[in-house]
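Next up is a structure, given as C-alpha cells.
By written order: A, B, C, D and E. Residues from 1 in each chain.
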Amino acid sequence: MRAFFDSDLWWSFTRSRITVASAIVAFICIGGAFMAPLLAPHDPFDLASLQLMDAFTPPIWTAEGNPTYPLGTDDQGRDVLSAIMYGARVSLFVGFAATIFATCVGVLVGLLAGYLGGTADALLMRIADIQLTFPSILVALLVDGIVRAALPREVHDQIALFVVVFAIGISEWPKFARTVRGSTLVERNKEYVLAARVIGLSKAKIMLQHVLPNVLGPVLVIGTLNLALAILAEATLSFLGVGVPPTQPSLGTLIRIGNDFLFSGEWWITIFPGVALIVMVLSVNLLGDWLRDALNPKLR
Amino acid sequence: AEARTVRWSASGDPNTMDPHSQNVGTVTMVLQQIYDPLIQRSRTLGLAPGLAVSWEQVEPTRWRFRLREGVRFHEGQTFTAEDVVFSIDRAKQPTSNFGIYVDTIESAVAVDPMTVDVITRVPDPILPNKIASVFMMSRSWSEANGATRPQNTRQREEIHTTRNTNGTGAFRLANREPDVRTVLARHADWWGWREEGTGNVTEIVFRPISSDATRIAALLSGEVDFVLDPPLQDLQRLRSAQGVSVLEGPEVRTIFLGMDQFRPELLYSDVRGRNPLSDLRVRRALYQAIDIQAIQRVTMRGQSMPTGTLFPEQVNGYAREEDVRLPFDAARARALLAEAGYPNGFEITLDCPNNRYINDEQICQAIAGMWSRVGVRTRLNAMPLGPFFAKIQREDTSIYLFGWGVPTLDALYSFQSLLASRAGGQQGDGIWNYGGYSNARMDALISRMRTETGDARQAAIREALNIFREDVPLIPLHHQMIPWAMRSNISIPHMANNQPYFRWAVVN
Amino acid sequence: MFAFVISRLLQAIPVMLAVSFISFAMFTYVGDPVAIMLGQDFTEAQRAALVAELGLDQPFFVQFLKFIGNAVQGEFGLSYRLSRPVAELIAERAPATLELALCAAVIAMAVGVPMGVYTGLYRHSILSRFFLTFSLIGVSLPTFLIGILLILIFAVALGWLPSFGRGDVVRLGWWTTGFLTVSGLKALILPAITLGVFQLTLIMRLVRAEMMEVLRTDYIKFARARGLSNRAINFGHALKNTLVPVITIAGLQLGAIIAFAIVTETVFQWPGMGLLFIQSVGAADVPVMAAYLMLIALVFVTINLIVDLLYYAVDPRLRIGKGAH
Amino acid sequence: MPMVEKVMLEANDLARYFDVSRPALQRLIAREPRRTLRAVDGVSFTIPKGQTLSLVGESGCGKSTVARLVVGLYPPSDGTVAFDNQPLSVARADPAQRQRMQMIFQDPYASLNPRWRVRDIIAEPIRAFKLVDGKDAILARVGQLLTQVGLAPADGEKFPHEFSGGQRQRISIARALSSNPEFLVCDEPTSALDVSVQAQILNLMKELQRSLGLTYLFISHNLAVVRQVSDRVGVMYLGRIVEQAPAETLFTTPRHPYTRALMEAIPDLDMTGRTRIPVGGEVPSPISPPSGCAFHPRCPLANDRCKAERPLAQPAGESLVACHAVEEGRG
Amino acid sequence: MTAPLLEVRNLRVEFHTRRGTLTALNDVSLTIAPGEVLGMVGESGAGKSMTGAAIIGLIEPPGRIAAGQVLLDGRRIDNLRYDQMRQVRGRQIGAIFQDPLTTLNPLYTVGRQLVETITTHLPLNPAQARKRAIEWLEMVGIPAAAQRIDSYPHEFSGGMRQRVVIALALCAEPRLIVADEPTTALDVSIQAQVIALLKRLAREKGTAMLLVTHDMGVIAETADRVAVMYAGRIAEIGPVRDIVKAPNHPYTAGLMASIPPLDRRVDKLAAIEGSMPRLSAIPPGCAYNPRCPRVFDRCVRERPDLLDAGTTRAACWLHAHG
C-alpha cells in the first residue's frame, strides 16, 4: 500500500488536477449507483410504489416542483433522481460486466494465440477477425434478436441484462485479444520466460504466472476506455429498443424514454439522465486517458 | 390553378400499391386517395354514393348497384360494370387480404354496363358497409399488366400493382420511392370535384418518418404540413406552436386486455394448479384495480375515452347503457382477490406491444403498477408488434394488451372475432379470441347477429354487450383518440377511421 | 502483389462463410415471419401452406445450402415486410448510407487528422487542450443524443437545416446521389456530423498518440540532427509514419460508421440501409437482416483489402520478395 | 597428462532448422518453395565435467541456438545431445536431472520477470523442484544464495528494476544456482554490461566454478572474455564449428582463416593509432548459405574446392579444424 | 595550438522530475580541434550521450541545459532558436546514433533521405543532389550505389545501414561529427569496417569527431584524445596513449584494468567493486570516493575539479599540488 502511494502512478495522478476531479466524480457515480438502494429517495423499480398521478412533475426549483421528487418525475411518476441512481447501477453493471467478460475472453484468447502460436494462433485470430467484422451495435442487435427468438420471453426478461452484457462483451473481446496477443508475442521470447521453460514449468503456469502479469498493463487501459464505450453501447441499444426492460431502466433507457418528451417541455426526463451519463462516461474516459499516459513509459 | 402542395407525414409507409393485397391502415391511407370504392364514407363515416350512385337489396341475397356515368380511370379507361365484377372477383382471390369484406359474396354479375348485381350466399345485411372498403380497378389495365390477382406478399412476388396504380380517385400516383417519398397529383377529371365541399389540394407529398421526435421537429420547422400520428405528449407543444394546429377526434378502435381463461394453469404465473383468470372475481379485481382516469389524464394526456364496452358509438349496436365501467376501487379489488383465494395476490406477466397502439407500453407500465399495488405482482413484457403478434397467436400468453378496430362499423365484426368460441363455430369465429373465452349464450347471440336483421339483430347485440359487461371476458380500457397535427393553413375533416381524405382538404 | 491480393481474397472466404452461417441461423431462429405475413385473419391450413411455401419445413442443411446458393447470386428473396426483392431494396438504400458514411468519414478524417497532428505537436498549447476536452465530450455523448440536439438547434430553433430525409436526389443510373442538389447537400450536414463526431474524436486521439510516439523515435531525432526543417520533419517524416496504424483504425472505423449509421439514420429518417435494418429487426424481416449482414461483411472484407493495399503502398517493409533478404 | 574425464555433455552432429517460409497460402500463390534457415548445421562437441567450453562467433552464427538445444528449449532437427550419458529428452523428463542444468541469459533486463519480487524469482526453481520445504526454509536458502552472489538477503524484497545491470545479472546467477545445478549454460552473460561490471561477473562465475565444481557452456563473441574463462573454445561460423581447440592453443596458434580474421578484427588497446584489418565482405544469410565452405566468399585462401566441397573437421595439432586450406597446408 | 572548433564550457544538464532535479551533466568542459577525434568513454549512464545531445542541441524535455555554453568556432550555439540551430545541425555538426535500424525512416528510400538532407543544406537542385548522394554512397562503400540508392533501409544489412547513416551525417559536409556509439549494435567484423571508414573520412575531409563508445579498443585505435566520464562529470581527459597506458585517475585506472586482456589468461580480473551511483544519490565530494581504492578524507569532503596531472587532466585530489 505504501509502495502504491510512493509510486510514479500515484504521483502522476495527484499531479493532474483534472484526473483527480474525474476520479472523484467517478467515485461518486459508482458509489451513488452502488448504494442506490440506501441513498435513493424512492425505489423506481418497484412498480407498486409508482404514483401515476405524480407523473411529469418538474424539478423542485420550478413552480410546480414537488419536494418529494428533487429532479422531477417521468411519464410513469418515477422519481428521476432515484431512476438515475438505479439506472446508473444498471449501466455500470452492464459496463463492468461486459468489460470484464470481454477482458476475460480476450485475455485468454490472446494469451493462447500468442503463446502457442502456429495453428492455434491463426485460428483464434481469424475468429477475432470475423468478430471484428461486426461492429458492436450490430452484434448486440443480432445476439439480442437471436436470444429473443430462441428463448422464451420470460426467461429472456430475467436474463435481458446478461444478454446485453454478453452482446456487448462478445463484440469487444477481439480488441483485448489482439493487444494481449501482441504483447504475449513479445513477452514469450523474453529471457525470463525462457528461464522458466528451462526449469520445466508447464505452459499454463508460464502463461498465467509469468506472461499474464506482464501483458496486463495495456489491458487495463483498454479496459477502462472500453468501460466507457460499453456504457454508451448499452445506452444506444436501449435507444434502439433492444436494451434492458423498461421497468428496470438503465440510463440509456431513461434517455430514450425522455427523448419522447423533449418537445413537450418535459426536458428533465431526458436531460438529467443524459447529463449523468455524460458525466459518468467522461470521468471514466478521463481516467482511462490518464492511465494510458501514466502507464506508457515512453511518454513519461 | 396555382399549386397547392400538402407535405404529409406518418410513421409508417405503405408496403404495396396493390389495392387488394394488404388490408392495413398505412396502405389504405394512401390508396384511398387514388382508388374509389362503390360506396364511400361520408365525413361522419356514414355511407355515401361513390362509384355507385345507388344500391338496394333487391332480394335477400342480391344487392343491386347502379354505377356512376362518365367516370374514367387515370389512364383513360372508362369505368363500367365489367370493372366492378372484376374488382370484386379480384378481392375474393386467395391472395387477397380483403376476403373479410367479400366473404359472403357468391358472385358479382354485370346486369348492364352501368348496373351490377352482387349475389350473396346468405342474406348479408351489412354488405354495403363491407363493400365500402373494396376499391375498384380497371379490368383492361389489370389484364394488360398481368395483375389480375392481388399481389401475393407471401409468395416472393412483385407485380405491376406493387408500384403502379390506376384508379378513378381524386389523386393519381405521380412518383413513388418506397419508404422515402410518395407523390400524388390532383386528378383534374375526378367525378367528385364537382360536388360541394371539395378542397383545393393539387399535390400531396407523403414522407414517412418513423422517429416521433423527428416527425414533430419536421412539422415544427415547417418541412412537413400534416402529421397523421403526432405523439400525444407533444400535442400541448404543437397547440401552442405558432402556425400549427391540432385536430382531435375519436378513432373506432378500442383498447382492452385479453386474458387466458381456458388453461387449467396459467403459463406465466406463480399460481399452481388453477387458473386465477378463469375466476370472474379475479377478472373483476384486475378490472377494478385500474385507475383509468389516471391513465387517461397522464398517460394519454386526455386523448382517450375510457370505456366499459367493446366498441365506440360509431359502431352499429353501440348501447350507452352498457358502456359503464366497473368503478376503480383498489380496496374492492383486494377484497375480491382475497375472496377468490388470493389474499396475497399472485404473480403474472403482462404481454404488451410497444409500437402498435398509442402509448401502448406506457399504458401497460401504468397498469402493471396499479395491479402491483393490489398485490398482483406484474412483470411487464413489452416487445415490437412482430414478435408480439407471433406470441399471442401462439396463445403463448397469460394476459395481454390488445386493440380492435371495426372497419365495417358493425358489432358483429368484434363479437365474431374476439368472443366467439373457437371450436365448432363458423370459419372466422374467435380467430382473435386468444384468451379462449367460451360462452354458449354468446355464441348463440353471434349466430343470430349473422343472419337476422332489424330489431331482432339489435336485441341480440344488446344482450351480447350485457354479457360482455357482466362476464368480463376482456377488460376494456378506452377508445383511442387520434389527434392530427398540421400547419394552420390546412383544414381537413377529422375522420374516426384515421384516414385523411385530401379531396376535402383546403390549403390557404 | 497479385499473390497478396489473391491470398487476401481467399482469406475472406471463411469470413463470408461464417457470416452467412450466422445470417442463416437467424432465418431459423429469429422471429416468426409467418405470423406477420398472415395479417389479421388466417386459418391453420393457410398457415401450414405458408410454412411449406417458405420452405421452413425442410431440414436445416438443405435450407442452408439453398440459402448460400441464392446468396451467391445476390438473391435473398423477398422482404417479408415490404414484399419486394431484398437485393433491390438494398440496392435502393445503399447509396444513401454510403454517401452518408463517406461524408462522415471525410469529416472525421479531414478534421480529425489535422487536429490530431496539431495536438500531437503542440501538446501543451491552449488550443490543444481545448481540442482534447472537446474530443472527450465527443466520445462521451451518445450518438442519438447528439443527433436530437442538433435537430433541436439547427432545424427547429434556427430553421437553417432540414431535420430529416435526404433532400432532393439526382439519379445516376441505379445510384441516387444527394451531392448534386442544394437541398441534398443541406440534408447531409446534420446526419454526417452526428455520425462523424465519434469517429472524428477517435481518429484525432489516435493520430495524436501515434504522432507523440513517432516524434520520440530515433529517426525523427536523426532527422532533426540532419537539420531538416520542421515542416519536413513533422509532415514528411512523422505524419507518414503515423499513417499505418491510422489506416488500420480508420478502415475499421469506416465499418463502425456504417454500423452506427443505424442510429443516425433512425434519428434523421435517413433512407439508408441502417433504417431498413432497424425496421426489419422490429418486423423480424429476416431476409433483409441477413442480406444486410452479408453486405456489411462484404464491405468489411473490401475495406480490409483496401487497408492492406494501402499498407502495401505506405510501408515498403511489407513489399517482400523485392530487393535484398 | 590426459586423465579419464567424465563427460557432462556431448553433442553429436547437432542441427536445428527453422521454417521461415511465408504463410502457406501466400507461398502457394506466389509459387515459392519452403524456406528453411539452418541456424545450427551439424555441430559436435563434448564438455567434460568441471570444465568450460566456449563458443564464439559473430552475431547470428547460431550460438544461442546451440545453447537452447543443449538445455532442451528447442528439439534438435537432427543429431543428439547426451547429458551425463543419457539422451537429453530422457534427462529433461526427469525433474531430478532437469534440476542439474540451468541457464544464464544475456540481457539482465529481460531475463527477470519485472512483476516478481527478487526472492520469488530466485525461489521459483526451489519451489518447482521442491528442493526445500517450508516458507522460512526457502527464504533462508534465498538469502544464502543472494549472499553467495554478493548481494544482501534484504535485497530479496525488492523488484528487479531497483537494481543495476550488474546486480541483476547476479540475481540471474543466484536463480540459476538455486536448483544446485552442475551444468550451466551461459549465453553471453556479460555482453550487455560495462567492462567494469563484466569483470565482477566473470570473477564471480570463475569463483563459483572453483567452489562448486560447475561445468559451463559459455557463449560470447568477445574473444578476450572467452580467453579468460574457457578450457576449450569452439569457433562458429554460419551454424557450424569451424575450429575447436584448447583455449591457449586457439589464441596462440589460430588455424582456420576465419579464426585468424576474427583475431585480427579484435580491437586492441595496444593498437592506438593503428588500423586493424577488418574481415572483408558481408556476413552471408543463413537462409541461402554459400555452397561448400560457408566462409569461402570472404576467405583470402579460398579456391575452387572450397566453393564446391564442404570441409570436415580434421585434427590439426591439438585443434580440430574444418578447412581445406589448412588440411592442404596452404594456409 | 589551433583555435578549437568546438568548445564546451562548464556544461550542466538537468532533469526536472518528480523526485527533484537530477543533474545528468555537471561542469563538463572540453574542446575539439579541427580534424581531431575526441573519444569519450565511461560506464553506462555516465552522461556520454547527454554530452553529444547537448552539443547538437537535441536534449529533450524534461532535460535542459541549465548552465554553461557550447561554442562552435567561437560562436555560441546552445541558445540558438530552432531555425538557426537547424542550419548548424547537419551543415556544421553531423550526428550518428547507435542503432542504424531505428535511425533511418523505414518508409523512405535512402536516396530520398540523402537528397532531402543535401538540398536542405547545399545549394543544389534535386538532380545534382541525387548525383551527390550516389557519390556519398560509393564513398561509404556501398557496392552498386546507383542501383541501391532507391532501396529502402530494410533492404540493407546492418553494416550497410550504418554506412548509410554515416553518409547521411556527412553528406552536408559538416565540420564536426558527434558519433554516439556508432558500432555498438554491429558485429566485431563489421565494426572494424565502420571504424575504418570513419577514420578514413575524418582524415580525408578533415572532419573533427566526438566518438562516444563503451569500447576501449575502438577508442584506442581511433581517438586522438579521450575523455573519461563518471557520474555526469569528466573524470579524466587527455591523449589516448596516456589514458590507456598511464591513467592518472583511479577510475580510469580501474576501468582499464578490468578490460580482459587478450594476450594472456589471468586468474582473477581486476574489477571495480560496487557500481556507479545513481544520479539521485551522488555522494558528496568526489563521486567516485565510495569505490576508490585510494580514497582519503579530502575526497569525501570536497569535490575535485579537473587538475593537471602530467600529460592528462584528472579530477582527483591525488593530483592536487600543495
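In the analysis below, contacts are C-beta pairs under 8 Å (C-beta built on N, C-alpha and C of every residue); 3 or more make two chains touch, one makes a residue touch a chain.
Here is each chain with its UniProt name: A, C = ABC transporter permease; D = ATP-binding cassette domain-containing protein; E = ABC transporter ATP-binding protein.
Not measured: the values here are computed from a predicted model.
The minimal number of chain-to-chain contact steps leading from subunit B to subunit E is 2. In terms of the stated touch criterion, the partners common to subunit B and subunit D are A, C, listed by label. The chain with its CA mean position farthest from that of subunit D is B.
Between C-E and C-D, more C-beta contact pairs join the chains of C-E. Annotation: 32 Å between the Cα-based centres of subunit D and subunit E. Put simply, the C-alpha centre of subunit A and that of subunit C have 23 angstrom between them. A straight line joining the Cα centres of subunit A and subunit E is 52 Å long. Mean C-alpha positions place subunit B and subunit C at a centre distance of 40 Å.
Shared interface positions of subunit E, defined as residues touching 2 or more other chains, are 157.
Chain contacts: subunit D has residues 23 touching two or more partner chains.
Within subunit B, contacts with two or more other chains are made by residues 213, 217, 220, 384, 387. Those residues of subunit A that touch subunit D in the shared complex are 122, 190-192, 194-201, 210, 213-214. Residues 126, 129-130, 132-138, 141-142, 145-146, 148-150, 228-229, 232, 235-236, 239-242, 252, 255-256, 259, 262-263, 274, 277-278, 281-282, 285-286, 289, 292, 298-299 of subunit A are the ones that touch subunit C when the two sit in their complex. The touching residues of subunit A, counted against subunit B in their complex, run 46-48, 50, 52-53, 55-56, 75-77, 148-149, 152-154, 157, 241, 245-247, 259-266. Only residues 56, 58, 60, 82, 86-91, 94-95, 97, 99, 102-109, 116-117, 120-121, 151-152, 154-157, 165, 168-169, 172 of subunit E touch subunit C when the two sit together in their complex. Interface of subunit D with subunit A (complex): residues 23, 68, 71-73, 92, 95, 98, 101-103, 105-107, 110-116, 124-125, 128-129, 172, 175, 179.
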